[in-house]
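Worksheet: the structure to be examined is printed underneath.
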């Protein structure tokens, strides 16, 4: 598997209306690895994620996924088609269904046919990872605390039985104890389910614990590519912005 | 039996039967209005249109109105998806649905009503199955089949809908789609397709309710007026997105109306029923059977 | 909801308001002169028909357009105004003008009461509550013999009101003045902090409260104003028609038009309801007198659909976008 | 010969709640215009009808009538159908001093006292004092004198006047009122109401209702097997073909207010010819197929205009009114004379009983013997059958 | 620079149905104080803010601000008394521009005359001035949070409660917001900071309070509080 990339983005431009957010961005997420995407806010991390999912249409460049060794061009696919392939996003701001219960939210995660088969198994897995959700399975999600909602968002992604998981800032709003646990969980999910993970994250210390490599995006351009966690830590930009050095 | 008790019991039973008709009319709305947030004020007009279709087809083929109502439901499903397509194209896609959609459906309501006048004339139309003249007697309680048969059909249709909504993934998606359509796409669901289906279902239910209405009473193109306030009130009282809530509210509404009519005269029954709704809303803003979020 | 922010007025507000009143006054005088020139009674009556909707739409817009509280019960408020006039006529023999003042007070109080509904009811819940209110009011009127109950009430109006050439002209001028006032009030609301506060409420009531907007007070002002003006829109009706029954007073058309007209013109702007009302009411009147069959209502229905489809943010919104 | 037509303008309800009757009235009036024109017109001029749809909405009426008078400059105006539509036209018509023949208004001129108002309706000046008399007279035909009566009336103008009349007259006939209520037009289910009436055990049952409620009431009555010695009243609906077809035998022995029945006693000259033409065209115009109700009166309304014009020889509103006050009119609904208020000088509320009905076939309604006239005595064509609703 | 007691909460309690979200919370805050409030997710922090701001009616207890009892006062009255809060999930006025969003509080705080100028100042403070004419939906999540802050400081509050104003910010951006809060504090505004970013909390707070499961379990100097084993167990985890 080594070397054959699971997600491959080449030279994309993307934006909203007349506003150009991404310029000539390339990025590779090799199969079975966890890649962290760094960048201060407003630099286009979420836009990049959305471009992969088909929520934003890049005006140039290619987005390709390799699934079971078979390359798939994602350009022109709708989000639902992308998700059907097993590429799942935990979106910024969680995007839960507030007037549905925890359990209903999770079940909806398993909508894609491949995930339905594993519904029971995945549900048990979610409740094992987040016991709080098992306690609150009948609570309306809208009434949960911020952190609890973050748990639902992650769990819902698990329910989709992802092959490639995109996570947009998973640690936002989580208590420290949960941040490290979430990172471990993503690592564990990756190990258990054989995932490939692309994660946008601000909490550098936590992110590098599980990251195999990383990118830094500045003003919509790829500013740095770190082949390993150590390389990232040594980068000037990262040291300045994330480590306060 | 004490005559007053007998009156009361009969009032309750006939109220429940009337509630069956209301439930039929409101259940489709619980989907479009309650779940999709589409204020389809033309729903009762669609119901009456369904009634006209039932009479036309039923008379031509000599079939039972309730049977025709069920058979024609797929056609109305398609009509519903068509209306939704227009709605989506002109409003939803542009993010202007909430209020503009209301005006749109007001227009649809006029078009249907006057269209029916132009097609069939303003006269009353009817199609009575044989059982419409049969009344069962259980002790001192009368159960006219004219009211019972439609109520049972309504319950069956609502039961099927309920199973569909609670047991299927599509049903779950219908419940979620209005809350965040964009997020639903991240669950591999096409929200537009889901809404189209759901709206089609709601219109199909309107057509079934139209069949029920035909059995209960003759109809004319403006018959829907009396239902507009009632069905929306019932949906609200039922807690919007809750089908079981809407059914309970429909029964309650029917019973309140009929018991009031029995003891205080029919003159005040709408005021009592709607006044009561105001009261319910004042105490429980989320409806009688709704859940606070 | 269609409105986006308006640029802050460039002129000082006082001058801005003065220019409205002068402009509207001039327009009104011009209109009267024009109709006199045409010189037939129908002009006054058709004009009244359109203007009553201008008042109604402007009134609805104050609550529905700015604050986003959709009132389904406009017919109830209008009828409250009409029946206030009838009561004053029956009891004291009063004419149109006192009727209008009375209607403003009574319908305003009813609006104030409705305002308290907004304490707990938002969105469609509020709408259905106002609809219920209208049903309850109608039942009361129907059972109230003093105002004729379901049989309706007759008003014997004076044959002439000097210096006006005819009663038609008189009632038209009255409605014209009311329309100028109603639109002026809507406009004043829009450019005042009341309007801005209502917009904040429409967008996010909880946040508005948190940043110090007295939401309840603003909503009460809005429901009272809006209710009073709707009552005013209905107040001259018994004198216009000489007769009113509950079915006519609570006609579905009022509730529908009160919503449709601002939406088509552009809700949440002062001019939108005027445009919508003039356009739609003229169209309705024209369809009624040109097409002498049921087709007229059908065409009105299609027009409604086509207009909202073409101008999803109202006609005004469409121009703004260009 | 003057080819410049005489234009008669009015509004009719062609859509909305009153449309069913409005449309058939319009058809009758069109037939009249064709008849007149076939005879060479009026005063040597052809007749032209100028009509608008008032949508059953009273608020539309004032502007339509100003349009007719001021813009269309019609020579004559006649009224829309029913009180709620006629009343709002009055101020306009009065201001112009137009002579005005109305159709099926009730008590419109009671307070207005307009001396150029003439009404084509059988109810006469004093609805309260006369309307229900015929019905109550029928109690005298019963084998045992009844003691109690129930009243249920819909909340609208005509029904409330009818109910008031029963209330006023009941004592005179020795009847005690044991149930007296109104219901709103939006009522869907009548079972509870009928059951409440049943519980009061009235000997005589009086309903004043409108379609479709009349249907709902009679269906509920049949389902609850309600019976009464004398049963009926002022129900609007059983006069209409569609309702007769639907209710079929449920109508048997119902005693109801009416205005026309094809009994030998009512064979006024011209009515058969009118009905023949009407029935030939009704299906295609989608209106009532029989024309046994207000249709002959709509025709007669125009006959009054026609005869007054013919006599006065010119379109002169004052002269026309003068003529209408002074003369009697021979119409297809009989000879008519107007009172000072413009109502029929002598009321002619019919009370008919439905008899010998076995199914919903409408053919029998074209012939005598189905709607037997019980009142007034001079038109009486059969005898009362009692009770209503006895098990078959 | 801390003065007398500004905010006092006594035995505040809140239930949702049968679920006890807050129980017997006592808290005192001096004028100009910088207080950190931490606790696991769902421990009741936001609920507490809502009880203080008047969004929720507390079931028990009472709250005073500057000696005045707040019970029964609606949120906007409390805002006028100098209590400003931001929402954990940003709640902008969606149809108003960024500038208008900030003008709204000023219009109702008796500053209508120079509302525009003051609003621009506030936007400058949160570095949003460049986006004054944008609609909130065109802002990123983080920018929306800053807008929340701008709206809150426009009220010139005596007390600002910032509910996770820094979630999702990078190190450098956290520093910017911290600097902003410090400037405000230096001008006399007391701040309650609810935050899960420990660096921010420790750098900023003079005092730290910890909620666990709706109860206050610790209150004191940051270093001491963070050293408590129960805080580590429930909240921090092994660092």
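What to note about this one:
Order as written gives the chain letters A, B, C, D and E; numbering starts at 1 within each chain.
Note that a residue touches a chain if its C-beta (ideal position, glycine included) is under 8 Å from a C-beta of that chain, and two chains touch if they have at least 3 such contacts.
Protein names from UniProt, one per chain: A, E = ABC transporter ATP-binding protein; B, C = Branched-chain amino acid ABC transporter permease.
From a predicted model like this one, the values you see are computed outputs, not experimental measurements.
Traced through touching neighbours, the fewest hops from chain A to chain B number 1. When chain centres are set by their Cα atoms, the one at the greatest distance from chain E is D. Chain pairs A-E and B-C differ in how many C-beta pairs are in contact, and the one with more is B-C. If each chain is reduced to the centroid of its CA atoms, chain C and chain E end up 43 Å from each other. One finds 47 Å separating the Cα centroids of chain B and chain E. Each chain gets a centre from the mean of its Cα atoms; for chain A and chain C, those two points are 52 Å apart.
Measuring from the averaged C-alpha position of chain B to that of chain D gives a distance of 36 Å.
Multi-chain contact residues of chain B (touching two or more other chains): 114, 117, 122, 225, 267, 270. Looking at chain D, one finds that residues 14-17, 19, 155, 182, 184-185 touch two or more other chains. Residues of chain C in contact with at least two other chains: 1, 139, 142-143, 294, 297. Listed by label, the pairs of touching chains are A-B, A-E, B-C, B-D, C-D, C-E. For chain A in complex with chain E, the residues that touch the partner chain are 16, 39-42, 46, 92-93, 132, 143-148, 150-151, 169, 172-181, 202, 204, 240-244.
Those residues of chain B whose C-beta lies close enough to touch chain C in the complex are 33, 39, 86, 90-91, 94, 96, 98-100, 102-104, 106-111, 113-115, 117-118, 122, 225, 229, 232-233, 236, 240, 267-268, 270-271, 274-275, 277-278, 281-282, 285-287. Residues 53-55, 74-77, 79-80, 84-85, 87, 91-97, 100, 103-105, 107-109, 112, 116, 135, 151-152, 154-155 of chain E are the ones that touch chain C when the two sit in their complex.
Put simply, chain D touches chain C in their complex at residues 14-17, 19, 51-55, 57-64, 66-67, 69-71, 83-84, 87-88, 90-92, 94-95, 111-112, 154-157, 160-161, 182, 184-185. Chain C contributes residues 1, 3-5, 8, 193, 196-197, 199-200, 202-204, 206-216 to its touches with chain E in the complex.
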